[in-house]
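Two complexes are shown next, each including subunit A; its partner changes from subunit B in the first to subunit C in the second.
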Partner chain A sequence: MLNFFSNWVDVIGVPGEIIGYWIAVGLTLCMLSFLYKDNPFFKLAEHLYLGISNGYWLVYVWQAVIKPELLGRIIPTYIFDPLEQTELYNQDANYLFILPGLLGLFLLLRLIPALGWLSRWSLAFYIGWGAGVAIPTYMANYILRQATATFTPLFGMGNGEPYSFYINNWLIFVGVLSALVYFFFSVEHKGVVGHVSKVGIWTLMLAFGASFGSTVMARVSLFIGRARFLIEDGGSGTLYYPFYIQLALIIIMAVILYFVGRGKGPAKPEEGSA
Partner chain B sequence: MQFLKRNIPVLIAFVMGIAMVCQYYIPSQASQDFGSDMNIWTEIIFAFALLIGVQSLIHNHTNKIRRKQVGYGFSWAVIISMIAMTIAGLIGGGVDNTKGMYFWMFQYLQVPMQATVFSILCFYIATAAYRAFRAKTPEATMLLIAAAIAMLGRVPVGTELTDWIPLGTFWANLRMEIMTDWLLNIPNTAGFRAVMFGVGLGIISTSLRIIFGIERTYMGGGD
Partner chain C sequence: MKRLLSRLYIVSTAFCAVLFSFVLLSTGISAQEAPQETPSLRLFGEELVRDRTLRPESALTGATDLVVKDWPNDAGRSVCVTFSKSDWEDVGVIMNNGEQVTNLYYVVDWAETPDGLWIEGDRFPVTEQFIGDDYGAFGFLPEGYETTHYSRVQYELETEGDEDVSYEETPVYIRVGLAAGEKMLAGYYFPTVASGTSHESWFDSARKYHLVLTVLLTLTVLSFISRARRGMKFYIRRIAGLEAVDEAIGRATEMGRTMFFLCGLNPMSEVSTIAATNILGKVAYKVAEYESDLLVPCFDPIVMSVCQEIVKQSYTEAGRPDNYNEDNVFFLTQAQFSYVSAVNGMMVREKPAANFYFGYYFAESLLLAETGNQVGAIQIAGTDALVQIPFFITSCDYTLIGEELYAASAYISREPKLLGSIKAIDMAKAVIIVLIIVGTILATLVAFGGPDRLDILRYIFADL
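Moving on to the complex of A and B:
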């Protein structure tokens, strides 16, 4: 039984890979069918994705966190293999790690209304940790480093750097300051402040435009990736699913959808509803 | 009881917040060890939080099945696939075992579905672009031009348009790929740097509010 799960690929042999690719193609088409409209094929794939993702994270959390970091630190000799994980097996038990385990269990007490308040302790621990980590990290990376990068170097032409280098630095300097003025709502945007904030808007528009354009292209490249997976062979090097078979699959799906949807007119408003 | 329910959580958040701020600025091995231990502690708590999510999902779908609500068959798909993936992972080994059923399911079921879901976003973002890129005002025109250059500068057909401009001259700055790089390196940096200042200050002030017990919404309602 263990061999069945742990050596699955060997147990089923090469057909397992072929079956895998066929399933992958089928599920990809099911997901893409949403572009037509919400339909049973998409719903099936969507629900399968939900279940499989949850299963994936459950196993991941058990194998990467609970087992090695919690149980492995409290009772290492029961968790680790003395031959394969000798160093971890021989480490001293750290009973302090019972505390995060307890806090984790407190979190689960949300499911029991009478004891649900204990989960606040765990949340407070987590949120307090996050707040404590965020203050110095954001201060260093989002404020100080950005300010330093904005102010250097603005002067020193003739030091070997091309003029465009200083012009660009000035553009960044002026752009950052003007955009900050635009975000400063305590002063009415009139007169000089209004003109500066206008420059800030232009900077932001260029930034958002460039960023949005890049995002569009990134999404298009994702779709190209899926299209190549369907049209070629998923990068496997062997054509397991010729394109005409996919076409047949799409036609079958369309026919099923036609018969499933036949007779179902547009949704009528419920009686008594406004 | 009120002390345990409302004051102790505020105290825990205060102690943890101050401890982590101090830990960052103390350059000693003990401080580093404390910081990494606390990171693991929070990972463990997060792992338990995932169980609550899974419980909620199972509860929701078993209810649908019990009441035979419309589409309850799909709820079976959720439950069965989750159980199958979990058993395959716990018995047959995790992602490290590339011959196991868990890895097989990850590779042939989860990866293609996840990639396709994200690729579908391409169509939605194209619709959003159609709505956003309307040159009604000078500012909107700037957005449109910047986006058009950024898109054209990343594809061969776009760079082909200005391929005839010789490199090494002043006019080379008008080549599509060079304009794209400039847009992403200069105005984009300036605009997002200003946004980052705002985000940074916002997060720091919210964190301070949490540490000093002014912000308590994480405790939820009730007593």
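Moving on to the complex of A and C:
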């Protein structure tokens, strides 16, 4: 018991990093408790996470966007580099940046019903710009470049390529064409088109299966990383919280969850739903 | 269209049969001619090294016809350096101080004056970077494209005080040397030094065919929209996931529960988000008609503003403007997993009867859909995020795959202009299928030793 308390005092006696680890472990367990059902621990972590992320983004947008990229351009002599305490941009004011600033302000005018219509100008500009930028990019990357990549020989003669090269090319050729036919919407999928589109959907499903497997492996690897964090103290190599403390935390949470959620098991799908 | 595809199928089958016969015939020819193959480069190299007098150091020449020009279609400050292939390159081995050197690289240096400080601008293996590899930059390939090296060298001229240096008037000097991997070979800078200038381009001429294709596609879309408006009927095939939208909304209304609609995590400038907001309009219209509740938690504040406008418009069109509650379309956060935790928390508390996931998703797709599945909601998803589609397929009742997401709004609304654009895009797909078949046939002919006629297609499709 004495040993326990001395360990405890040692832990509390080291501020900062250790307390940070404790908070991280506690919040991780709170989040994982959602696997059982909704509970006060999860609610606490959820609201904390939401609030902190919004606070973080607010500061980030101010420091990384509004201050340097808007105010820094319009009034450069007043905006300083926080590290070097010198002017961020050694150049004259560029008043053209007032226009995007105004469009940004218009978005906030939604809060004033009488002026809310001005926000539509900003939205129209933003969506129009987005579509304009997207069209040539999609044309190049999603159509032309992909089509070019399929220009591969299906047979060859004496050029030293192995058979697997041509088998791959056949798979690409048949897979791409049949998948394209599957995505014909204005043609009824019957007869030849129906058969080809079936090959297309099979090709797609095979690709999705492969993708599913590799992504699940990546997720398992993420989970292993988090489990190692819980067991090995965030990879620090120092045992800040002994195993029995973690075990005690889990037992306490389980007991509280039991009493809070007694008689309210996990929601079950209702009959009739898939 | 059906007749066109059938004819296409017959023609392509016939062509494949002819091609296959040709292959069989050619294979027989190759079997007879096989013994006459030339010796491999490696053997030739060994012979060369054994006979050291064949290529003494003093006889090693290169980059004698060095040319420096502006690199086309860029924002300036980079030049294109070209020089002819040397006869020793194919061997891949040279003699340096009595030792054989392999792993040879060309090094291209630049300087502001011919005798000034030389800075390395590019380094590439001696057997690579020929003009023929870069269709977009050089246009229709000039004579000798297979035997002319090119290099793109980006440079920065020193400014004098506050005055900007004119890149169009100030030349940059270029020389070429040889290196073995990272190590420069002593004395192997070729003596030729050339100079040139660079300038900014207003237009990217390499993409002129992209413009032509975009204009053609746009005209086709406009043409079909016009026909649709004049009353022409267009068929659109059944999309199972969208048939279930009405069913899901009806079920939620009967159960007196709310519904969730998510537009994904991409900003408003992405096509998937635009498609998702289009579908939101149609779903919100039905929800307004049924006087049910729809919650739209948003990841992006601008997407939220658009969604508010769309939902409000739908309620107004459905004749229920008073039922519109602006607070039902709300922003949560722009941090991926805190967004997920918040939506999941709301799901388990609200217990929605239907969830709609449209737009682009990342790792959160399974977390969201699995929670929705656990609370017993009917779930319909549609995304063009290829990696996430399998997760939606496994955990949702219906999933729209890729382009089905874009076709969804036309399918739900049956608006003539949307149906017309679907028809036009199908036509574009048919053209792409034909191009792929033609390109593959040409590539196959090239593999049989035929003339390389792929240049034109590659040039049209090049994207740099």
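Everything that follows uses one rule, which is that the second predicted complex is superposed on the first by the 230 of 274 C-alpha atoms of A that agree within 3 Å, B and C clash if a C-alpha of one lies under 4 Å from a C-alpha of the other, contacts with A are read in each partner's own complex, and residues count from 1 in each chain.
Rule of thumb we're sticking to: a contact is a pair of C-beta atoms (placed from the backbone, for glycine too) under 8 Å apart; a residue touches a chain by one contact, two chains touch by 3 or more.
Given the structure is predicted, the values throughout are model-derived calculations rather than measurements.
Judged by the touch definition given at the top, the superposed model places A:K37 against subunit C, while subunit B stays out of reach.
After overlaying the two complexes on the shared chain, residue contacts for A:N168 are found with subunit B alone; subunit C is out of touch.
Legend: residue contacts after superposition of the two complexes on their common chain; A:L154 is shown touching subunit C, with no touch to subunit B.
By the touch criterion stated above, A:V59 is placed in contact with subunit B alone, subunit C being left untouched.
By the document's definition of touching, neither partner reaches A:K67: not subunit B, not subunit C. With both structures placed on the common chain, the touch criterion links A:T28 to subunit B but leaves subunit C unconnected. Once the two complexes are laid over each other on the shared chain, residue contacts for A:R228 go to neither subunit B nor subunit C. Ranking subunit B and subunit C by residues of subunit A touched puts B first. Using the contact criterion defined above for the overlaid structures, shared-chain residue A:V187 touches subunit C, although it does not reach subunit B.
Residues 31, 34, 43, 45-46, 49-50, 52-54, 56-57, 107, 110, 120, 123, 126-127, 129-131, 133-136, 138-139, 141, 143, 147, 150, 176, 180, 183, 204, 207-209, 211-212, 215, 219 of subunit A lie in contact with subunit B in one complex and with subunit C in the other.
The touching residues of subunit A, counted against subunit C in their complex, run 31, 34, 37-38, 42-43, 45-46, 49-50, 52-54, 56-57, 107, 110, 119-120, 123, 126-127, 129-131, 133-136, 138-141, 143-145, 147-148, 150-159, 161, 173, 176-177, 180-181, 183-189, 191-193, 196, 204, 207-209, 211-212, 215, 219, 266-270, 272-274.
Contacts from subunit C toward subunit A in the complex involve residues 1-2, 5-6, 9, 19, 23, 26-27, 30, 34, 37, 207, 210, 213-214, 217, 234-237, 239, 251, 267-271, 274, 301-302, 305-306, 308-309, 332-335, 337-338, 341-342, 344-345, 348-349, 351, 363, 366, 373-378, 386-387, 389-391, 393-394, 397, 401-404, 407, 411, 422-423, 426, 429-430, 432-433, 435-437, 439-440, 442-444, 446-449, 454, 457-458, 460-463.
Here subunit A touches subunit B in the complex through residues 1-2, 4-10, 16, 20-21, 23-25, 27-28, 31-32, 34-35, 43-66, 69-70, 96-97, 99-101, 103-105, 107-108, 110-111, 117, 120-139, 141-143, 146-147, 149-150, 168, 171-172, 174-176, 179-180, 182-183, 200-217, 219-220, 222-223, 225-226, 229, going by the rule given at the top.
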